[in-house]
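Order as written gives the chain letters A, B, C and D; numbering starts at 1 within each chain.
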Amino acid sequence: MIVVMNHGASKEDMEAVIKKLENTGFQVHLSQGVERTIIGAIGDKTRLGSLALEAMPGVEKVVPILAPFKLASRNFKEEDTVVRVGNIEIGGSAIHVMAGPCAVESKDQLMEAAFRVKEAGATILRGGAFKPRTSPYSFQGLEEKGLEILAEAREATGLYIVTEVMDSRTLPLVARYADILQIGARNMQNFFLLRDVAAAGKPVLLKRGPSATIEEWLMAAEYIISGGNQQVILCERGIRSFETYTRNTLDLTAVPVLKYLTHLPVVVDPSHAIGKWRFVQPMARAAVAAGADGLLVEVHPNPAEALCDGPQSLTPENFRRLMEELRQVGKIMNRTLPDAH
Amino acid sequence: MIVVMNHGASKEDMEAVIKKLENTGFQVHLSQGVERTIIGAIGDKTRLGSLALEAMPGVEKVVPILAPFKLASRNFKEEDTVVRVGNIEIGGSAIHVMAGPCAVESKDQLMEAAFRVKEAGATILRGGAFKPRTSPYSFQGLEEKGLEILAEAREATGLYIVTEVMDSRTLPLVARYADILQIGARNMQNFFLLRDVAAAGKPVLLKRGPSATIEEWLMAAEYIISGGNQQVILCERGIRSFETYTRNTLDLTAVPVLKYLTHLPVVVDPSHAIGKWRFVQPMARAAVAAGADGLLVEVHPNPAEALCDGPQSLTPENFRRLMEELRQVGKIMNRTLPDAH
Amino acid sequence: MIVVMNHGASKEDMEAVIKKLENTGFQVHLSQGVERTIIGAIGDKTRLGSLALEAMPGVEKVVPILAPFKLASRNFKEEDTVVRVGNIEIGGSAIHVMAGPCAVESKDQLMEAAFRVKEAGATILRGGAFKPRTSPYSFQGLEEKGLEILAEAREATGLYIVTEVMDSRTLPLVARYADILQIGARNMQNFFLLRDVAAAGKPVLLKRGPSATIEEWLMAAEYIISGGNQQVILCERGIRSFETYTRNTLDLTAVPVLKYLTHLPVVVDPSHAIGKWRFVQPMARAAVAAGADGLLVEVHPNPAEALCDGPQSLTPENFRRLMEELRQVGKIMNRTLPDAH
Amino acid sequence: MIVVMNHGASKEDMEAVIKKLENTGFQVHLSQGVERTIIGAIGDKTRLGSLALEAMPGVEKVVPILAPFKLASRNFKEEDTVVRVGNIEIGGSAIHVMAGPCAVESKDQLMEAAFRVKEAGATILRGGAFKPRTSPYSFQGLEEKGLEILAEAREATGLYIVTEVMDSRTLPLVARYADILQIGARNMQNFFLLRDVAAAGKPVLLKRGPSATIEEWLMAAEYIISGGNQQVILCERGIRSFETYTRNTLDLTAVPVLKYLTHLPVVVDPSHAIGKWRFVQPMARAAVAAGADGLLVEVHPNPAEALCDGPQSLTPENFRRLMEELRQVGKIMNRTLPDAH
């Protein structure tokens, strides 16, 4: 960390900063520039949070040098983390696709979706039982009934289940049914929930918040890992920008950036990012070409009748075609995708 | 709502859309343009959420005409909502300032802060007992002990207490101590929590999410109001933009926009938005000049020793000066601020 | 276009709006909703710009229904535009890669870059003679001398030249040397320059402005096309978001969106968008997988000595490897890339 | 400047960086941390631009310590710059309001606007003769005829004229008529134009680009100052964010930030930022309360008939009321505004 003193900082100001740093266990070295004095501090970065150096007299700004995450970083653990879900591995040599409807609406709907995505080669079934909706007047999910239907679909198809957990109170219930606990974008910084899913001991799919930087996202992962659970899958799902043609702006560059900064597996959800089914197929291809370890794709037996996010859902037939294309792109990346049945 | 059909939409496509709209209770009228056919639909906007019109064949896009919020809108209720907290009124003729430290750190710290802000004219004491922190390694708050100290400060000074509630599980605990329940920016779309604070029956300070549009923010308020609690205070605290010199970009224009769109009172938190104490004073003045009903200001007896957000905290002395200036700006707005003691 | 009247709009207000629309040649139809009256207007969208309907009494807002661009739209011209540069076609079945250094620094540097990118399979040489630089103290380009060197490299290698034109005054000079005139991101809405390059009659590479929506970008293309020049190539080069790890946020979804909205060819510049060479390779692959018609890639014989944008430049060796990968991705897309030599 | 070496950087990597820095005239000092080696460099920051350190082997990132602007900075020149226009001073004790229509449409329109804003207390008349318009089909301004009308209005009212110059070619023409040359937001980084207005020797009103950081904006000012013209007025006019209710997001915090970072005067244009006249009045008050040295306000004799930006234009009557309010806010700030006549 670098502390930049301002133009008129006094000797006393400098000494106060140095004393505070040394008392917190940092090694300090001073550098007098033409315009400014700069204080460098070396030590345990996790202690920095509690210092209010920028509030000290004479301090112009504090410039962090190292990323604030530790357990999540590639420096801390060089080899890729592989998250095991039953007999599959996310972050290994295979690319896994998690597909299914936005929300569980009925047994018939989910069963059809499950069989169709399974046939096409998906290994994990997605579907929300608890749905975070912008409007209180929108369909909010079937709740426990939805979880039961998901479990039936798992039984019938052999697919694993990823589903969203919206708060700590319903976590034990959701954890009874889910194979992967999904933390939604709006909950990426719900720190109580992060600590609780850490304790739940199941793989976690951590979606990026719509206005979260990559660094903040990795700090959210750090909450889970430092809570004792290293089975974290990061999911890029679009960030908020000024562009309104798509629902969000898919930040696909985050994929190679994350592969460089962290050992955690990275998957991409083009459906939510874009909001229009028409563009899901090319962007799913692009995600694999960028190095993603997997995908989340919305598939609905009948998008026009969906209670949630129909406009961004693929038909089973379009999904099948997408999977065929992904197998080809995967080959170039030396990754395999499960065969269609 | 307007449904725009695409260039090549067939007669059957159009009829399917019309049928779906009519079945949901909308009145429909058709308009054939040179390039496109457009279908207008009139009816209860709260039912729109469940239609997946954009997923229907031949539909290019759906353009909503009316804002999706209802109970929160000025059309629904024309006169200003005044939120009563003990013997003060937020949204009435007086401007109320909520001041205090970011976090409750100790009894001494909070008591000193409380007495100093009270002397300067604040009527509400702010201070976090549960703190949402980006890093798991940062100080996370004194929790219940912090709430007890807040209650002691209320007892000693007569100030009312606003403090953040971070999740539903700790809500009953926080609600026992707080006069106003604060929903933090990161929780603005924590819908379970919104429903629960609605049921708690206490005034709610609803901070704007850092990437929330004004419309989404009012939809979050709609969750609380439709849950039976109309005592909602909106708090602008900066949005995320590309500018990095300040922590966030204070969207002060949201103040007059909200006064136009909704009947709810609006307050501004310049401290969190800006992140640097130096600029809090001018922006607090600007907030009152823009029409804000109140302010949230961080004040710490010794910012350089703060465990949280020291760089954006005013000293008690600076806060006193700020209050004097605000009284003058308030006068121009025909609003009063409580006197200093 | 839809005009939404506000709650309390009078009959006179409505009649004034209708009269104004009819006088401008629009067909008008009225629709009385429960809460609002809505006026629909059908007619030539290019005349809308001159109406100030939102300033009329009683008008709440104006909602455009159709995109404002016309000549650039896929509705106006269904088949893909193919831009011919010498004996190559951009937007045809082949994918063309434009490669070279950020700036022309010397004859040696450019010649080496040119021969190396040519060997790897590039068909167009990029290199700036006039450089827009954030700082007045940075290297601003060799100007005419740089253009001469570019022409020598063309002579020696057979590569075509794309280079930036920064203003109308130097346009005749640049047009004498360039095969494709590049409009830089900062000039996307330099409307005088757009009109002048339209008149210059050479292919134009139009970079997206860092804060331009897709719609505004297509309106910039509309300036060129309506000025009589349809040889426009759109170049996605990243938009400005809150994320700071990369220089900009590459909006790759713009590629399939543009292929849907317009007939113009679309290329991607991952180097400028990302700003770090390490991530250029995966994102170039992703761009081709998303459907791009070509790429702009920065290649420098010795990035560490570059006078401009070294950190995002590939070495010739890395570029050769990238081209090999792109050939494979291209195959999946049924597109060819020129062979290496 | 701080160069952070990466984890596995070799001794040779480090030595190469040090050598390059020393050769460019920097003083270097090394600091070995637990995880990283860090190289500090002290010297003339204006030379940094030409180094490509981040492209050197072993370099993780380069962290600038000082702002890149020099002549524009408060450190370089402590006292406020006052820009003289005829017998008025911008940046002095008086607040000056520049008012008038978006575009000069006719002699009648401009004359009426001029007399009305003069009566209300404006000292400078704004009005575009050359108009940058998103659509090629919109009114593009009266060009030289418009400039002549502006000059007539100056003659008749004694108001000074601020008007936009769109490119270098028309600069001599515009400079013949204008008292202040306005650089529009889209041209903030049109570097040729910046150099040319520097040479023109007239006061320059430099609007902030919609996606420009404060630092980039000051670098644009640095182009003008380093070109020999210190008469630069900065104009905040909104930045692009995800919020769509207003045209742009007025970043009012930029006002006190700029007063801290630079000696140049700062004015605010709420009309363009917001795009809706209804919210101009509160935000103009807020701008003065935040410390602005002046305002740009759109006023049109008949907004509903305006050829450009009618929805954001005040009527003369509303403008008169606004000026009365501003006089009161100004008083609190110890600033005067010219009286109404």
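We take it that a contact is a pair of C-beta atoms (placed from the backbone, for glycine too) under 8 Å apart; a residue touches a chain by one contact, two chains touch by 3 or more.
This is a predicted model, so every value here is computed, not measured.
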Strictly by the touch rule at the top, which chains does chain B share as contacts with chain C? A, D
Using C-alpha centroids, which chain lies at the maximum separation from chain D? A
Cα centroid separation, chain B vs chain D, in Å, comes to 31
Cα centroid separation, chain A vs chain D, in Å, comes to 39
Would you kindly tell me how far, in whole Å, the mean C-alpha position of chain B lies from that of chain A? 26
Can you pull out the residues of chain A that are in contact with at least two other chains? 211, 240-242, 244
So in the complex, which bits of chain C are touching chain B? 2, 4, 7, 29, 31, 33-36, 38, 40, 42-43, 63, 65-66, 75, 240-242, 244
Residues of chain C touching chain A in the complex: 211, 213-215, 239, 241-246, 249-257, 260, 273-274, 278-279, 282-283, 285-291, 325, 328-329, 332
Write out the stretch or stretches of chain A touching chain B in their complex. 16, 46-47, 49-50, 52-57, 68, 132-140, 166-170, 186-187, 189-193, 209-211, 216, 219, 222-223, 226-227, 240, 276-277, 303-307, 309-311, 313
